[in-house]
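Below: one structure in structure tokens.
Order of writing sets the labels: A, B, C and D. Residues in every chain begin at 1.
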Amino acid sequence: MSQPISVSHEMDLAWRYASGEAMERFCAGLTDGRIEALRCAACGLRYLPPRPFCGDCRARLTEWVAVGDEGKLEAWTEVQVPMLDAGTGRPRATPFAIGLVRLEGADTTLNHFLAETGAGRLRVGARVRARWRSERAGTMADIECFEVIG
Amino acid sequence: MRPVAIIGTGQTRHSKRRDDVSQPELVREAAAAALADADLRPAEVDAILISNMELFEGRAFPELWAGAGAWAIGKPCLKIATGGTSGTSACIAAFHQVAAGCFDTVLVVGFEKHSEGHTQAGMALTDPYWDRSVAAGALGNFALSVCQYVQERGVSERQAAMVAVKARRNAAANPHAHLQLPDLTIEEVLASPVIAAPLRRLDMCPQSDGAAALVVAGEASARRRCRRPAWVKAAVTRHDKPYLGDLDRRLATMRTLRQAAAVAYRQAGIDDPVRDLDVAEIYEPVTYAELAWYEALGFCPDGEAGRLIEDGVTAMDGALPVNPSGGVLSTNPVGASGVIRVAEAALQLHGKGGARQVEGARRALATGYGVYAWSDVIVLESAA
Amino acid sequence: MIRRLPIRMPFHYAAGASASRFFEVLRDQGRILGRRCTGCRRVLCPATAFCALCGEPTDEWVEVGPGGELLSWTEVPGRGAYALVRLDGGDTAMLHRLLAADAAPRIGDRVRARLADTRAGGILDLEGFELVGEEEVT
Amino acid sequence: MNARHRRRPGVWLAGAGQTGPAAADSRSIPEMVLAAVEAALEDAALTFDDIDAVVTASVDLYDGLTASNLAVTEVVGAVMKPETRIAADGLCAALHGACQILAGAYETVLVVAHGKASMASFPELTTWAMDPVYLQPLGVDFETCAGLQAQALAAFDERAERRWAELAAERRRQAAGHGVAPPRTAEEVLASPIVASPVRREMVAPRADGACAMLLRQTPGGRGSPGGGQTGNRTRITGFGWDLAAHAPGDRDLEQWAGVGRACARAYQASGVVEPADSLHLLEPSCHYAHEEELFVRASGAGSGPCVSPTGGLFAGAIPVAAGLSRLIAADRWLRQRDEAGCALVHGSWGPIGQGQAVVILEAAA
């Protein structure tokens, strides 16, 4: 029996992703520190991320509503294990905390980084606020993270 | 739908790293085992369905290379992938192809070689405009969902640990299972490191290299070839919205599983699942999910899942043994995991469970879970 | 709006039992082996654990080449040329690089496998195939 | 309908919709797919509520997205419905949808496929579909394999390249106005740069963006219903077949498409076609390279009688994954516009040298 041989290939590919009309408007808003959701005229659900279509009502979404940059922490966790970041090919630093945030004026939740780790102030129901970067590029990274307030 | 049945199943040895075999060779192991079990020659297979999450191994069209392992060359072969439900989706596709009269026998093979790629990174290849830079793989997703579920239902760490112990002890009776921890205790689970609060290492499924296969046959063939065919009584799929944040309190609500189960139970004539089912193989990627699925599948009222595990209802000697195989918590080659659920459910009805056999099993449930909230529910039954 | 984003990840594929042996012998001994199919008796080269066509396992190592016959070729600008070659003693054809040739290759031409100077255990342990003149063929 | 043309009841094609082919569609994948689905529903005079199940076709690596059907789950109306994703040419989604209906599992199935060639380098992506042990390290991609096949075909056929150039020119001419490729003369085709010798750039069907959607039904209801505004023949799928050939080019007979022959045999048997040359009026092959059309026609046994790719086939724009479904839509359109019965053979392929092959027989009663 021979020693098993393995063959390595490095994936380094790039894709040109189209944002779609709704996400383009959303991203433009981020540059100005503004968050907007699309509201379904039929069921009233306010969607983040904005998208073309309500899957429940099977209807196009067209009505924009303003969403605050403060909200409620619905869930949180602190990831301890290193994982590869597929965008950079390098491991992401640990630990890092992520949470599900229900922003004021939205009905879906947003998953994003949290400013602090540890079960001190991180709890379900905590008030959180977006920490914006000073230099913004119209991406979700314009929000650096969410921090617990009050 | 015309009657179709599962007449043979087979699996590889599952482990952290199967670097002794290539992808086609891994597929071959499972396919050969299933054909041997069904007493079928490769030439008698009419069509093949492959299940695999291609990007976990960095592949496009993985069946092009691996299909030869399933004797697929010169035959109809397709690849199905729907995240964690890939395997159950492929099984259901086989049921449909046979019931349609297109084929008499279809071989389903699911496989994954997580060791060849980066599953957590692959899982994080989500919407690049929304959460790709934040996405934290299956672990992060589950931790967030579990955080909410625990808050809402008051399930304890200890109850989750009991699921972990049940799974790994059951796995000890399954020679194919990846994790072999026959003596695991609740205390050891509670002492294992927290990897994403509240999840501990032993709350999570492993990443396995492995493959599983089964043979689906039409009515006449099934009767001729199999002593106790596992007839398909229901096969229901429900998908849901695409983003992690789309569904409110997803483990507690889990509307896809609830609705799929309700429809499947109606089709299969099941009123009380704990009474009417003999065994269940459910797709529980994390301990807490098994508790949530107990509720969604109607094994107990909402909020009583913790009591169900404490009372031993789902233990091997309980009223409804859940995951005699050790479940996803013991073995998880994603593209194969759904096939394993269905194969293990069928194997129980075939009476070939060996040390993990549930005596006299006549009606079995198998479920698939994928991409945050997708569900497949399958009910199998051996003839009365 | 269009954004260009990369995916960068390393992958490691198990060559499997047959290819590992094939690579080992190629690396250590500079010899090319095929595997004989137990069903159709063809010698498969490069070696695989089972025959794609008849599905049966392979069970016997057979040395093939280094000479062979060119079954097809193609040139891809910027990337060089490729040759599909049935090595002497083998029944299936191997795809590899076609090394620079003086004359335009023709299907049916004799070729010979050339080993790489440094070999690490992989298909690149062959540098490729080179065309050989009739007088060189023995 | 003649006697040798009767077998199964078939599956009705109730409506179809398509976006593209476009050289670069600036819309997102869900936006493109939604437009195609809405067009199909309108064509069928059906609504989302009428859909029982959805079969999608997409390939994660092509979309640069894990579980790529996630992106379309909402816009195909699959929320709280059954969805199956086939990772192969979109024609396979149609034949699997037909399977579901023949199985009696569902009455109305939506079939959807999408692709955006503008997202990435397709030759580069396809290296990730090749055997990573023996082929990928050499940089082999689908175009390299096409070159090997074309070379084997041209070696003892002096006229081959000229013929392919003329064929490519003809298809480009037919596709003009509704595709992405500018017309070229045979001379221009022969003067275009080599991609993988002897294949030249203008012999390759131009890759494009687009989405295709189709509604399949158990009963003929739907299309032509009040409000649908549809006229013409109703079409139905009466047979289909698919096949996987060996992966390695060295394990294949490059001079033929044996997989097409096997897939056709299965389809002919199902729909009761005994003499394809007599029964078929139209061939809509998915030929990504000019030389593939000859291989297809020969393997199908259709002879020289049937009309082939009257709107230029994939030379109007080859949408990755959706190519075969785009041919089914084209065949449907052609059959509907005739005022007599007709029978079309539709084809899709995927993988190197057409490793995966699928065919569908679409029939129209007058």
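As a convention for this text, a contact is a pair of C-beta atoms (placed from the backbone, for glycine too) under 8 Å apart; a residue touches a chain by one contact, two chains touch by 3 or more.
Only a predicted model underlies this, so the values are computations on that prediction, with no experimental measurement involved.
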{"item": "Chains in simultaneous contact with chain B and chain D", "value": "A, C"}
{"item": "Chain pair with more C-beta contacts, A-B versus A-C", "value": "A-B"}
{"item": "Chain A and chain C, separation of their C-alpha mean positions in angstrom", "value": "47"}
{"item": "Whole-Å gap separating chain A and chain B, where each centre is the average of the chain's CA atoms", "value": "29"}
{"item": "For chain C paired with chain D, centre-to-centre distance based on mean C-alpha positions, whole Å", "value": "33"}
{"item": "Averaged-CA centre spacing for the pair chain C and chain B, given as whole angstrom", "value": "39"}
{"item": "Chain B residues counted as touching two or more neighbouring chains", "value": "19-20, 22, 58, 68, 73-74, 116, 118, 121-122, 124-125, 127-129, 132, 240-241"}
{"item": "Residues of chain C touching at least two other chains", "value": "2-3, 5, 7, 9-17, 19, 52-53, 122-123"}
{"item": "Per-residue multi-chain contacts in chain D, two or more chains", "value": "26, 64, 73-74, 78-80, 125, 128, 132-133, 137, 246-247"}
{"item": "Topology of the chain contact graph, where touching chains are joined (line, ring, star, complete, other)", "value": "complete"}
{"item": "Residues of chain C defined as touching chain D within the complex", "value": "2, 5, 7, 11, 13, 15-16, 19, 44, 46, 52-53, 71-77, 79, 82, 84, 86, 92-97, 106-107, 122-124"}
{"item": "Chain D-facing residues of chain B, complex", "value": "1-2, 22, 48, 53-55, 58-61, 63-65, 67-68, 72-83, 89, 92-93, 95-102, 122-128, 235-242, 255-256, 259, 370-371, 374"}
{"item": "In the complex with chain D, residue positions of chain A that touch it", "value": "7, 9, 11, 13-21, 23, 51-56, 58, 60"}
{"item": "Chain C-facing residues of chain D, complex", "value": "26, 64, 132-135, 137-140, 143-144, 147-152, 155-156, 193-199, 246-251, 254"}
{"item": "Residues of chain B defined as touching chain A within the complex", "value": "19-20, 58, 116, 118, 120-122, 124-125, 127-137, 139-140, 143-145, 147-148, 151, 193-199, 240-241, 243-246"}
